[in-house]
Structure formats: structure tokens, C-alpha cells
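Chain nomenclature is as follows: A, B, C, D, E, F, G and H, assigned in order of appearance, with residue numbering initiated at 1 for each chain independently.
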């Protein structure tokens, strides 16, 4: 197996952690895996992304130009990664912050109001797990239950009380992807970055 | 008697011309921005924008130069005073100032700041003391308070092993080359007004050739202190000021009679 | 008779940090939760009458996002100086 | 120990801990700060020494002092901070005390940026401090290798009484991978017979880098040069991939090397017989191994995240006997495998010549728009 | 009563065992040698020779290690305090001291000395202030007196352009980590006795773990001052002491009751 | 101007003065102190800036500041002091401001000694600070050349907005020779269009070495690499002696080069057809010229006052096509012409092979007592 | 009754700097202009009687070249300690 | 013409200046010339020497192993340089501080009580000029009068009042060499270094 997924969005949207959860699960499932972060040049509120590569042989590059899948949480990330997903690949878009549909026809894409779904379950920042759930439905590299086991094992102690809602978020994301969940997109227009990122450090 | 009062629109405040139109990258509520604004106001009031060269540090204010409309250079970490010395010595009629954080000035840049003070280098230093390394994500600074938790003092600063807070204004004011050394704070409007007066006086010190001038500004870092903006102001007031009193440490007699 | 004042918020700069809100002696400021700035913050606005144009909000604003104006009797009018 | 999913900076820190490092002195700098931060909680917990120095200059001199006592000791930094250590490193080399330095390299020169780079190759491998000395420089390409080489670094430093550096480009510091940490080694129980730890029951010892009499300094220079030849003979490390039948060879180290691995696999899938040679010890550089490669090779592609600093060493080994091409991304940019694949194709399919300057050709391609940077 | 007085030979003074049998390279009459002797006497009296590690500077005393019988390391110029920190941190039960000139400590080594004082590093510093760079042939030091002629202040030190003399003891004693900071002089037997007591107290400070201890010793450099040995003693007394008063600047309360 | 009998350090100082240096910042260190001392009296006399900095770190950053104003500015030091300037130099390279550094090299590593050496070749030419940049490095072999190259250094630094260094081994600094100083040039009257000297009647200017966006840093790296290629194309300097009919060539720079000249003459007197190639610009190195030499040469002897740092560059140019031998004195020792003559004889008369490592052979001869050091 | 004292000069160390000579309260020291030490200095010697063994010369000697002895009544004799 | 002379002695004996005077004169006479100092490893009171090379073409090495002449002012310098002088060369020895004659028979050597001669004229430190005078008699690379002109031209201003005695010293040295001056060697045995040298600087 070889799969590569890019998670991209504003810093603070849980982009990096979503990638880590996937990577944990891949490792627990016995695959080789790399997780590589990348930060945009903006000083704060800027973009961040991470690339997860999963394979069964020693992984060469931890970066890929054309990922099998991309999970994008804001418009700049959609603009950047939509053209790059390999034909036949998967693109999961956070429709809560993105107003346009992808234009590609040679890939599978999903617009998911991840923020609204998250807020149905708990805090808005669960949106990353919602999107991960949706991804795994569209690109079943690992069974959702493996992800859940890994998440339970690796969630930092101080967040353990949020475990249940994280698991729910995964489920709801997958459910939405399967068409089993209908959600109204409520938040209007503009993108709202989170505000907890310190300047890039030099 | 017909008492008709005519009125007119007055501008009480508007963005000073020395500030550029670039939004800062600072975290919301970070008081670095206040310090920037005060510098700009002072330069504009003194009408010396076009004669001023700023020296930016390495720290959160590394991009300070983007937020002003006059010339800037960007120094190596801690070396802004040396760079400012180089500039001032070849251009003695320009106004040269450094803008430095506490990591920059009090940790790696200790030697350079001590020596510009000792030499009475005719430059101005704006020293932002936020008791932490902001830019690199909240490590302990020499100015961190005893017990303060940072990412490199995870159990709080233990003065026995990690050293005592450094009082840079107190120390620098002892150097014979110091013309004006004071500490101010940026946590409320009253103190901000006093801070501005101090900055004005510091540049006046430079104008009069009275030697080294420095305004230490107590500043917040809500992000790395792990607080809300409002909490950070309170923390500054309640914890930093007792350790770092707002005070004039050295005022050259050459400033006698100078009023802002 | 209280002086009538008002502010202008430059949304390019305002980051919704609320510093001004907390310092306004007239308690006439708040974040506009309906709107977002280009950088994605809720900007500050005047929520009621009563601004005196005292300028305190501008003194604390780290982003120099605020301009402050007031209507004043003509005889005391000076050339506008940007000194709060 | 089981594999864990580890970040490179953290992994190197913990590897050093388990290798028995007794004292860490350092100063924060991105992208290695996590290493220092982990040390700040871990070392005191184990009752070992952690000290945040006031600067990199102080840090390297604290390391120097602690190393003189025979303690296992290290520091870490990133490019500008490493530049500040050059005087101290030369002193350490002039005193033959062992120590380990980890440089998590970022984009330069100057303040540059904090993105991954390999721009310090020359500084670490060839130049750096004043005078004649040779540090050992190891370049990991994965988190596991970062762990293993960190442990090895201490052993080599002590074996040869030499500086040993780990040159981790920023990506190695910040990426995460499954990797296995070693068992915790017991701490050193003996003190080397040169250490200045107080002269209880023995004669005075002095550790110094002054030899005011040039004839003695010459002898010292011969001595450390001989040590260097021993190191060259014994400590060359590298990894080969698909070289058995390779007509073309890609040479790259660290992150550039592992990215090239993917490109090599993809090229193989296209039927190009290409292999990868990945130097692990940059100093000593695998000159003999590359010289040998030349015999069976029709062309070499060197790929780096700098302007061709290792390229010079490859050229030295190749001596103009086979064509070399060069491809690089600079200033903090990490190349994609596709870019390198394109270069492999060009190498395999276009006319080649052993003459000329591979870097100049690369610059020309950039200028001509043959290469477009993404 | 038969008053026959029996007498016996007493050794009033003999070369202390901590000094080696190597003659120094110092110029005749250079007071560096006196400082060496006092250190040796103190270590022998405290019986800690075998537990002591000296850190030599770059300066005329660069070869100090040749003149003692215990362990030494030789630091880079100005970095002795950092090196001493490294040693003391891994060997906290050893006595670690630096021996530094004024160029070494107050010019290039400013940052390191300030920070060991700030951290209260439990080491002792013997600071030889001879108001000049001796070793390199008489350049101006930060401690050179106003008007003093040196090879880099050929017309005398002009404080306006070359800076003011730095008062290191005064400054360092302000650091919270300082346990004992005093200034003494080596120009006559009385002052030498006081200097020895101060060195004894400084090592006691270290023994008791009271933090940073420093004895600044006013010292002569007849060669680079361009004087005879005797003139140099007089110059020290008449010119240096008024600028650098012999004084206790910081004595930790942990030393209360300690008598030498 | 008439010839005067001048000491190298003094001559370089006065040459800088006459070339119009406006500001000097430095810190005393043997064996360059006389340079600084001369500046301390000369510059104030001319109402220019002299400042004894508190350290070399401060000195280089003062230079950086003054250079940003468009002033002609310099510093000087010797090996350990130069190591302390590495961060600053990298910043200067990352900002493209011109400046001149004179390194009067002494024996190392570490504190070493104060005798003449060429041990900083790698530091100045190849490594040094972090990141990708290339200083110009000029190596005088006489007092006259020290004067001429000092003047040239300012011109090149400004022409290319590049660091320019003069690498004078300690002997050049301390020896005396008849030499002619240039006329006093008038001081600069214009200010370059990038200088930050206050924005009177113009827009803001910023000088910085940060390019936080790697794509911009990459562009910058390309830019300074292109500058470097221009420098390589235009600024190679060297001197040839008796090469017309030479069967053998000695290559050496600075003092080692001029000592070799005597040896070459003596060898010619014995009938050995040998010539001397003396690189003057060490960076850019005369690669093409040496490559060309190879055509007509049966053997090359490289001689240095270090462990063979330039030897590597010669090997790079020679590409194994002719035999190379190596001879060096280290740690502050200046060789005698006789020693080099002996090596020329060996080269001419003993079996030669282009293979193997010339340095290893030299070490073997030392070990075997074939060479005895005096 | 003045105590009788004397000094021994280790000529390996003495550099003839005259510091001791100038401090000797009894004025009994001088350089021996007839002799040179191995390093080429005129060493110090006692030139007349009167040394009290006060040790002051040793206190100021930068080279620790001097040993000082005295003859003292037995009852006050202590173990010799090298403390001036 | 090609000549190389080494002047060696204790620091402070005027070794370096003697070489400079010769070099000045050579330059004034239109030759190329180099003067190269070298300091012993001792920190003070140590040896110093300088090599003067005079030639009519661009000078290569400023150092020579086997000089045409050596002027040695103390015993260590005699020990060191006696074996090195080229056969047929000249060795001038300061007999005031040196108790043994040279053993070489293939060179011209002269034992000269330079210190006593100097003290006849003025201060002892004129001994360097005495020895230079003797050298030029034995090795007439330049006419003594050229040396005198150069000395007059180059003597530092503050020493100008000593010019006359310096010139005398040259003459007397030459006279002694020619056998025209008889001097009793009075100073006894040991070598007395001067004491004005600061430590070697690092």
C-alpha cells in the first residue's frame, strides 16, 4: 500500500493533529508512515499543512507534489491543492469556510460543513476529526475503527475528556460522507481563522 | 443674549504618518503594537522621521521595519546596539534607535547593550520587556519572574539553578555613559501616556547629544503567557511591576528644564 | 454639556483585541460579532451614543486602528494635532 | 523497545538522554527549540544538567568546560547559532575534548528563514572555525537514523576525542516517523585519564589549546591530522539503494537523499536503471565509495538543498570521469520527488558530457526556464 | 631566677604548595604574581587544592596554569565564566574559579560575567584590573582611566568617543545572584593582606553555596603603563583607587560571622 | 609616490585609509594589532571613524551597521577573532552590503599561537558562516601586494556588493619591504541607492537578511549565486613565474608561494624545469588556469602553511590527470626554501603517479623520516 | 629585644623587581649587583643585620621567591605555618 | 647581488633595529630587500631574530635557512646560527655576552666585545650598531657611508639626538673589525638580557 494525504488549513484548525491521528493509526497497523509539517510564510493566522505518507516499504520522500488525497479546511488551501490531487484521488473540503465547489471532475470530492457538524457534537475545533472521518470513508486506507483505537491511545492526557466527542466527530464525518447525515450550513460567508498562533519564529 | 455655540470637527487622534499601512503580525492585544505607535507619534511630533534609522531585533518585532515609513536595518540577534553604533558613528546627525526584546537585549545581547551604555553611544534603545522569549514560543528570558512557567522552565523558574531576573534599567543606568534610563509600562492608558513622554525624552537626549538613552517598556505576551489579553494586562500590573518598578533611573542634568 | 465625539475604525488594522473596549470610560464600544475584517477578526464599533472623543481608546490600541474625532466649540478649536 | 511515532527534534533529544548525556547547554532557536525544550524537562527529572545559556557563544563554552571534566556533553542549535559557536569549536578541536553538536539547519544566509535547508554543509564539513581541524559530521535522513546517529555521535566523539556533529536539515527535526529509541544506557562511571576534574591523588592536569611554540603546535597539528586519517579509514558511512545494476546514480544526503529515493523508485518504474547513494557521514566523506561507483556508472545526479556544497566533494571523487548533473532547491524549499525524477530522466535520456560545470548548467536551465520551480 | 630564653627557628613564610616550581613569565614587578600567590595561599589554607579547578583567561595570565599545581583549563578570550559554569554544573562539589583580566572580563567577556552573576553561578572570579590590555601590548581597556594614553588612545582616552571607565564590581554587585563582590588592591602589603582575606572569603562564599563571588584586584602593568615598578604602584594608588574605590559592594548575609 | 620601507600591517592600514575607508571597527589581536593601532591614530586625525569595539562580535556588527549606510567600512582581526565574526558575515552576505575584512592568520586551531599560518583558508574560502554565500578572498605575498589588494578589496566589495577579505598570513602582516602607497583618494561623495541613511525626500529603505518566505529566499540565493558566477568570470587573479617551459609546477599562495619562488629559482639553477603558479584570488580560485596548466605539466607540488586546504582545490582542478605532491609546515612554522627545493627535486627525480592521496604520502614521508622538520 | 630573622631567596624565581626592597621596614635588602640569576636578573639579598623576620617582603613578592624565618622564644613556637 | 643576513639575540638588544638599518640602506641603494622578524616561543626575555634578504630581482623567500651572514648577540643565537651560515659566509659574535669562539673554520668570524665598545661611546644599547659596523667590514654588501646616510634618514625623530653616537658605533665596530681598535672585555661571565619586553601576546 502507498497513500499520501495532505491536510491543509489555517494554523489552529487542527490540521497538524488530524494528520498525526492518521499517521498513528497507520503505524499501529504496521505500515511505515511519515508526517511532515509545513508552515506558510505568513507570520500568524497563516496557513499550515502536513503531509502523511503511508507505505509498506521504507518511505522515501515525506513530501509529495501530487497527493492521493487532500483535506482542505479553507479556501487558500483548496485553491492550492485542488489542482494537485492525483486523478482518481480524493478531496475533502470544509464547506463551512469555503464557498465554492471544486472544479475537478477527475477526482472524488466532498463538500462537508465540518464546522457545523463539529458544533453539533461539541467545540468547533472537532472539525478536523469530522473531516478525517469523511476522508476515511472516501479513501478507505484504514478502517475507521483502527483510527479510533489509535486516537484513544495517543490523545494527550489533558484532552482525554474530549475523547468521546472526537470519536463522535469521526463517525459523523464518515456518516455525512456516506450521505447519512444532513446538516444545514449556518455560518455565513467569511473565513474565520483561529487566533492562537504566535508569530513564526526566527 | 443670544448664546449660539458654533462647533467644529477636531481630530483627536489619527494614525501617525510614521506608521506604514501594513497591518502588524502581532497577536491581537500584544503591546508591541502600542510601543510602535508611540515611537511613530514621537518621531512625527519631533518631525525627524526622515532623519531616523531604526534597528530591528530578532524577536517578535523582527519585522518592525514593515510597520514604519522610515529607514530600517535588521540586526543579528542581540547585536542591534552594535549595528546602531556603526550607523550613528558614520551618520552622527541622524537619529538612530534600536527596538529590542528582553531575550535580544538581556540574554544574547548583554555585552552589546552594556558597552553602548558604557561608551555613552548617542543612540536610543526601546527595550520591550515581556519576561519571555515571545517569538520562539515562550522560553524563559533573563527577565522571567521567579516561578514563572515557560517552555524551558516547565516547573517555574527556579532562581537557584536558572538565575535571578535581570534588572536591565537598574544596571544600565549605573554606566557613566547613560544619559536617560527609565522604565515605563504599557498596560493602561495612564502608563502609556507616561511611556510616550519617556520616549520623547529619550529622543531629546539623543538630540542633545547627552549619551545613551533607553526606555524599558513592560509589555505583555498573552500568547506565551497563556492568558487572555485582559488577563495579561493584569498579570503585568500585579506581577511584573513589583519586580520591575516604574521609575526614572538616570536623567542627565542636560535634560534639566525639558518638559514634554 | 458633554462634548460629542466619535471614532473611526480602520478594519485593515483592528484585530478585535478588546483593549479599547475595556478602557473606554463611556462603555460605548464592543466587537461587531456580525462582521469580520479581511484578516478574520471581529472589528470594534461604537455601540451607543456617549462617546466623548476622549481618545483613550486610541491611546491603548496596539494597531493604531482608531481615529478619534469630536465636535468642539469653535473658539477653542486648534489645528488638529494627532496627540492624544 | 517498541516503535513510537516520534518527532525528530524530540527523538534526538531523548536519544542523547539514553546515550548517557550528562549535561546539555543550549539557547533557543527555531527549528531546534523542541530539542532544547525536551531537555529542559527531561534532564532535571533525571538529575542531570540542563542549562539555558544566555547565548550560543556561552553555550559552546559551557560545553567546552563540561567536556574538559570528561562528562558526556552536548549542545544543539540552528544555523545562525552554530555560526556563533565557531571560535569555541576551534578551541575544542585544539584541546581534543569530545562533544556533540546537533545543527538543525534552516534557510540562510543571515537570519534567512526557518524552513529546512542543507546550507550549512560547508560550514560544518569544510570550514567553520579557524585553523586546521576536522569534525565528524553525520547526516540522518529519517527519525530513526537521527536517533541512531545521535547515539553514535557520542561514541565517536569519545573514541577519537573529536567533535562530532549531527547535521539534521530542518525537516528531520520537525517531521514525525515511527522509530525506536534505544534502551537507557547507564551513565559513565569512569573518568578519562585526561580530564580536569580536580587533582585528588594525582598530578596536575591542564587542558588548553595554546601551543605558543610553533614546533609543538606543528606536532599537535600532525597528531590531530593522524586522528583524522584514522577516522577516515574507519568511520565512513553511507547507504546504497538499487545500485547493483544501476547505470545512473543519484547522490544526495539527508532529506534530499530520501526524497531522491522516491524519485529513483519512480524512475525504475519507468525502466531507468538508476540507484541512489546516500552519504551518511558527510565528514569523513565517502570518497573511495563514490570513486568506485564511477567505474560502473554512466552519469551521476547530485541533489541538495543548497547551492551544491556537497557537489564539490562528489566532483572531487569523480575526477571528471563521468558526467555529473546537479539539481537543488534553496533557501528553505524542500524539493518534490517529481522534480528529481525529471532530472533523472534528463540525465538518462539527454546527451551527457563529463566536462563543464554541473552547477552552471543547472543555473542555465533555470534561466532558460527548462526547470520551473514550484 | 635564671632567665635563659630558648629560641627556635620559625618559618614565617615559604612558597605555598599550590604554586608550582615554574618561574612566571610576568614582567618583573608585575602584580599578577602577587594575585597568584594569594590564591595559592588561600587554597592551601583551606586545603582544597585537590578539589579546585582553575580557568585561565586570554591575557597576560594565559599561562597561569603553569604556575600552580592543581587542575586548570584555558578558556577562549572572555569566556572563562561560561567554561567555569560548564565545569561547576557537572562537578558541583569542586571549587571552580576563573582568573581574568579587564580586557577579558570587562570588554569581550561582558556578557558571560554578567550572566554568571545573574544566575548566581556558584563560582569565584579573580578579576585583575590593570586598566589596560597587557598581553597585546597596551591597548585601551574598558577600565582605562579618562585621559590615559594607550596604544589605541594615543592622545589619551577621550570618554566622549571612547567611552567611560566601567566599574565592574559596582555593576556586578547589583545582580541578584551575587554573593560576594569586593574590590581590593595589590599595591602595598596592607592592601595585599586585605586582598588575601577577600579571596579567602570569596572561596568561602563558594563553599557555602552563596552564589557568585568576585574579588576585583587593582593591579599594575608597569610595562605597558611605561613606568618603573615603583612608579606603577604609586600611579595605581593615586589614579586608580580614586576611580575604583576599595570597597565591599556585596556581602551575602550567609557570610555573617565569617572571619578571616 | 616613492617606495617606503613598510611593515605589512601598517601598509594595509594606510592603504585602506588612502582607498577612502570611512570607518574602522576592530578589536586588538596579535598579529594584526599594529593595523588597528595605526587606525586609532590615523582615522581621528582625518576626522574619520575609529572605534575599538568591545569584541569581534561587536566589531563585525558595527561594520554591518556602517556598511548599511553606504560607507566604505572595514575591520581586521586574526583567526580566533575571525571565527567570532561568522554570524555577522553571514548576515552581511544575506544583505548584500559591501565590506572589507583583513585576516592576519596565525597558528591554530584554538588559541594556538601568534606565528604565521595559512590555517584559515577553508574558513575564509569555503566555510565560515552558515548558509550559501561566497566571499572574495585575496591573498597577498608581499607588502606591495598587501597594499594593492587592500585597495582592490574595497573596489570589488562595492562593485559586487559582496564581502571581500584579504587573507594575509602572519608574515605578511609583520614583515617589512619597500613598497609604494597609493595617492590618497578623495572620499566618496555619493550614496548608493540601496543605503539606509535616512529617508529624506525619498521612500523608505530596508536592509535585512530575513526572507521568511522560502520562495523569496530561493530567489535571493539564485541572485547571489549569479553574482558569484560574475565574480568567478571576472576576478580571478594569480601570478605565474617561469611557467613557459616548465615541466613541473609549484602551486602556493601568500608567503608559502613566495618562499616557493626562491626554491623554484634554485631548482632552475640545478637544471630542473620548474615554474611557480601563485593564486592571488583564493576565492574565486583560478580553477581554469590550473586546469590549463595540467596540459603541459608532468607534476605539481602544492605547498602551504596548513594541512592542505588549498590542495583540495588544486586536486579539484587537476582531476587526477597529473601527479600531485604536497608539502606543508603547520602551526605557525614558516618553511625554508630549502625544504621546498628538496620536494621539487623529489618530484622531478622520483617516480610519480597521479593516483593516491598527496597528503597521505606527505604524512608517510614524515612518519618515515624522509622529511625531517627543522 | 628585637627578634632575629632572615630570608632565603630562591634565585629561580627572583626577578630583581625591588618590590621587597622598597617595602622592607628595616631597609636591609638590596639587589646583588654582582650576581645574576639563571634568568639574568640581579637577585635580592640581605645587605645588613636587622631583619626581624616580619615577612613583609614575602607578602609583596610577586614571584614567591622569598622564604622568611625567625628565631623566636620556644614557648611561643607554633608549628610553622606559611601565613604571613 | 643577493645577500641574506640574520640578526639574532635577546629581545631588547636592538636585533630587529639593526636589521632594519641594513634594510633601509639596501632599499636606498636601489636593491630589493625584505626584513622578516621572528620571535622565540619564550614569553619574555626570550630570543628574537630577523632576517634581511637583499637582492636585485623580486625577492622570493624572506627567510633563509643558510644565511650568508649572521650577527649573533648572545650564546643561544650563536649555538643556533653558527652551523647554519653558508660556507664562506660571515659570523659576527658579541663577545661581551658569549664566552666561546665559533668552531667553524670554513667561515669568517669575528668575536667583538660590542657592549664594551658601545659603552665607550654611550649607552650600552648602541651595541647593535657596533656589530652592524663590524658586519659591513667583513661582508661589504653596502658601503658604510650608505648605511650612515640611511640611518640618519630613518632614525626615529625621538632618537635623533643619539644619531652621532650611532654613527660612531658603526665606525668603531668597523674599526674593531679592521683591527684598528683594541678593547678589553670587562663584563664577566653571565648573559644579561634586557628587561623591557612584555609577554608574547595571544
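One rule holds in what follows: contacts are C-beta pairs under 8 Å (C-beta built on N, C-alpha and C of every residue); 3 or more make two chains touch, one makes a residue touch a chain.
As the structure is a computational prediction, the values presented were derived from the model and not from experiment.
Enquirer: E-G versus A-D: which interface comes out with more C-beta contact pairs?
Expert: E-G is joined by more C-beta pairs in contact.
Enquirer: Of the other chains, whose C-alpha centre is the longest way from the centre of subunit D?
Expert: So the chain farthest away from subunit D turns out to be G.
Enquirer: Any idea how many Å lie between the Cα centroids of subunit B and subunit C?
Expert: Distance between chain centres: 25 Å.
Enquirer: Can you check how far apart subunit C and subunit F are, centre to centre, with Cα atoms defining each centre and the answer in Å?
Expert: So the centroids are 61 Å from each other.
Enquirer: Where does subunit D touch two or more other chains at once, residue-wise?
Expert: In subunit D, 30, 33, 51, 54-55, 57, 80, 87, 91, 110-115, 208-210, 212-216 touch at least two other chains.
Enquirer: What are the residues of subunit E that contact at least two other chains?
Expert: 26, 28, 58, 62-63, 74, 76, 107-108, 110-111, 115, 136-137, 142, 162 - these are the residues of subunit E that touch more than one other chain.
Enquirer: Can you list every residue of subunit H that touches 2 or more other chains, as numbers and ranges?
Expert: 41, 43, 195, 200-202
Enquirer: In the complex, go through subunit B and note every residue touching subunit F.
Expert: The touching residues are 20, 49-53, 55-56, 62-63, 65-66, 68-76, 79, 82-87, 89-91, 94, 111-112, 115.
Enquirer: Which residues of subunit D touch subunit A in the complex?
Expert: 3, 5, 30, 33, 111-115, 171, 174-178, 255, 258-265, 334, 336-339, 374
Enquirer: In the complex of these two chains, what residues of subunit H are touching subunit F?
Expert: For subunit H paired with subunit F, touching residues are 20, 23-24, 27, 32-39, 41, 58-66, 154, 200-202.
Enquirer: Quick check: in the complex, which residue numbers of subunit F touch subunit E?
Expert: Going through subunit F, the ones touching subunit E are 27-30, 33, 36-37, 40-41, 44, 51-52, 54-56, 80, 110-111.
Enquirer: Spell out the residues on subunit F that touch subunit D in their complex, using ranges where they run on.
Expert: Those residues of subunit F that touch subunit D are 57, 79-80, 82-84, 86-87, 90-95, 105, 107-115, 117, 119-120, 122-133, 208-222, 225-226, 229, 306-307, 309, 312, 315-316, 319-320, 329-333, 360, 363, 366, 373.
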